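Taking it in order: structure first as structure tokens, then the write-up.
First chain written, first letter: the chains are A, B, C and D, and each begins at residue 1.
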Amino acid sequence: MPTSRLEAFSDGVFAIAATLLILNVSVSSSSHLSSQLLQIWPSYVAYAVSFVTIGVIWANHHTVMSQISHVNRTFLVINTLFLTVVAFIPFPTHLLSEYILEPESARAAAVAYGITLTLTAVMFNILWRYAASGRRLLRADANRRTVDGISRSYLPGPFLYAAATAVALVNPYVSAGIYAAIALFYVVESSFFGDRQGPS
Amino acid sequence: MPTSRLEAFSDGVFAIAATLLILNVSVSSSSHLSSQLLQIWPSYVAYAVSFVTIGVIWANHHTVMSQISHVNRTFLVINTLFLTVVAFIPFPTHLLSEYILEPESARAAAVAYGITLTLTAVMFNILWRYAASGRRLLRADANRRTVDGISRSYLPGPFLYAAATAVALVNPYVSAGIYAAIALFYVVESSFFGDRQGPS
Amino acid sequence: MPTSRLEAFSDGVFAIAATLLILNVSVSSSSHLSSQLLQIWPSYVAYAVSFVTIGVIWANHHTVMSQISHVNRTFLVINTLFLTVVAFIPFPTHLLSEYILEPESARAAAVAYGITLTLTAVMFNILWRYAASGRRLLRADANRRTVDGISRSYLPGPFLYAAATAVALVNPYVSAGIYAAIALFYVVESSFFGDRQGPS
Amino acid sequence: MPTSRLEAFSDGVFAIAATLLILNVSVSSSSHLSSQLLQIWPSYVAYAVSFVTIGVIWANHHTVMSQISHVNRTFLVINTLFLTVVAFIPFPTHLLSEYILEPESARAAAVAYGITLTLTAVMFNILWRYAASGRRLLRADANRRTVDGISRSYLPGPFLYAAATAVALVNPYVSAGIYAAIALFYVVESSFFGDRQGPS
């Protein structure tokens, strides 16, 4: 299979998962609409954080694909499992939107969100390492330094999200702040280093 | 990253956001279906106005991309933030559909719609100006006059929508009329000048 | 604008509108699930008829695009208005699914479906005739006989659907049968003439 | 019609149908959110099984298209009917998610899921056999051994799913296990034979 059709399918899932997030933003009734629209601020934040996070995943997926010359069945299956986790993100986003302000439910919502993002980061590392290990699927001209740089830059993801998930067990608000901070970090970092030629 | 994959992802978000708008058109029960189908006319208008608006945004995005030779990480992030706002449009469209005929809620709905479209126009200008400033990402053969024409034609958008949002605070019906008029203007204008070679 | 990006955006809307149709198939509760699954047969029929209808529209849209060398702003706007109507199809499909078996509401549902498909057929003819009139946007090598054949084959659509809509005012069940028969006709006809080289 | 646009439309439907599956995962209220999130485990399994199943269908569809040089109207219609069944998968997935733990409804849900997947496998065989019969639509360089291998590998699907559907009439839990096992088989098998050059 050429990489182009795998990219088309993956891009479709990324775009749809991100756009479906808006279905989580809703008001329950029309009474005092203006105050309700202010009260549901967590759903705006959760929407933006998840949308940017999926956007980052999409950009990273492109970085991986740009180093790959061909795919085999195992890669196809890993990619499908990876997309299964990515397309799951709208559900915990809904939980965070709805329940972060309810003391009894906030913890479960923040843990669910953290587990999903941890799994996404784990699957992404498996995807990349399967392709890069022994240069199994890499392009003949893939630069060793670039490949090692990608491997290094994706490594912290699972640990970072696992740590935030552990924090959620103690304090869901702090962990929600970490999820937002990670997305914000990417936005800010790119604003400063956008001109540099980097792996993505 | 080549521009083609960024266009594919963006086109996906535009197409999904536009098509999801239909989920906002609904009837509450089957009693007197025919009269209900007439009473929900605002949701038809809101659907059509938002669909055409997203169609215009899509066409303008193409115009921008046609002048660009490559993208960097900052552009990628700006584009993601821009898409975050575009994919948000179904929510305020839902508010307008549902609440424009309820005196107590109409204002909040019209303001929410206006803020979303103002942000969309602002993000679009940032996207274009980042690419065009100092010809940072432009094609080597991008015509100076065309580039300046694009810059000029996108400049009024934020002010126009910000003004309509301010009007919504006083009279939501007038501002809803302005949102519809802007979409209608594009349709009519294109019907007359379609043969002319223009920036879009 | 090259035709390829317009096709990508249009294909996205066709695919999403068709796939969203499944959201109209639902059961209200779990009591007697097996009998409920039989009782909602109209929603299966409505789903299949609308899905095939959108598939036919997609194939016809391709036929049009295959004769076109370039697009201008007016064509872009007509295409957007055309897609606005196509993406509306899930709503009247929902009405037919839900209300065709309720005597009081069946007529309104069948009329709404008919109006939507009539508008789709009208917009499609406008789209094609705008491109073909005076060979405005046609490829230099577009065959006159093929072009005339396309024009002839699309002409009956609006009248056929308008007639079925008029029938719905008298008897919604007959008109629902006509909608299904039109979709079925395409399936059967293609099974017999698939090998023939035709305009689509 | 070139095969590329048919692939684009089909890929769109596959990606959307898979991503819409997440809408079936939901909690009914916020009381005891953490225990609720554990109780809805069938919806996670159903989500993952259907997502992977659609992923496998997508990969198989690619295998078919890679052997085909051109398409005709009959193939187009068969493909549309095939997609109609694929895009239906979210509905029986919803039934399984919601009702597999309710003794009275589990059977109907498992049968509905089985019928849908049986129809998908039947339509897929029709699609392939129509193209391959007498090498009707095959590429001139399509290898006879590869073509026969594809025909053999797709043959068991309909019988396998029909058998699982029959099992559902007796014991829905066993049949649900079979659906999951089929998806799991593909994942495991590919992990061991990924490096082998095979038909997909």
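The working rule: a residue touches a chain if its C-beta (ideal position, glycine included) is under 8 Å from a C-beta of that chain, and two chains touch if they have at least 3 such contacts.
Bear in mind the structure is a predicted one, so any value in this text is a computation, not a measurement.
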{"item": "Chain separated most widely from chain D, comparing mean CA positions", "value": "B"}
{"item": "Approximate Å spacing (C-alpha centroids) for the pair chain A, chain C", "value": "36"}
{"item": "Inter-chain centre distance, chain C versus chain D - centres from mean C-alpha coordinates, in Å", "value": "26"}
{"item": "Where chain C touches two or more other chains at once, by residue number", "value": "8, 12, 16, 20, 23"}
{"item": "Touch-based graph of the chains, sorted into line, ring, star, complete or other", "value": "ring"}
{"item": "Complete list of chain pairs which touch one another", "value": "A-B, A-D, B-C, C-D"}
{"item": "Contacting residues of chain A [partner chain B, same complex]", "value": "7-8, 11-12, 14-16, 18-23, 25-27, 30-34, 37, 47-48, 51-52, 55-56, 58-59, 62, 66, 186-187, 190-191, 193-196, 198, 200"}
{"item": "In the complex, chain D residues that touch chain C", "value": "1, 5, 8-9, 12-13, 16-17, 20, 23, 72-77, 80-81, 83-84, 87-88, 90-91, 94-95, 98-99, 102, 104-105, 107-109, 111-112"}
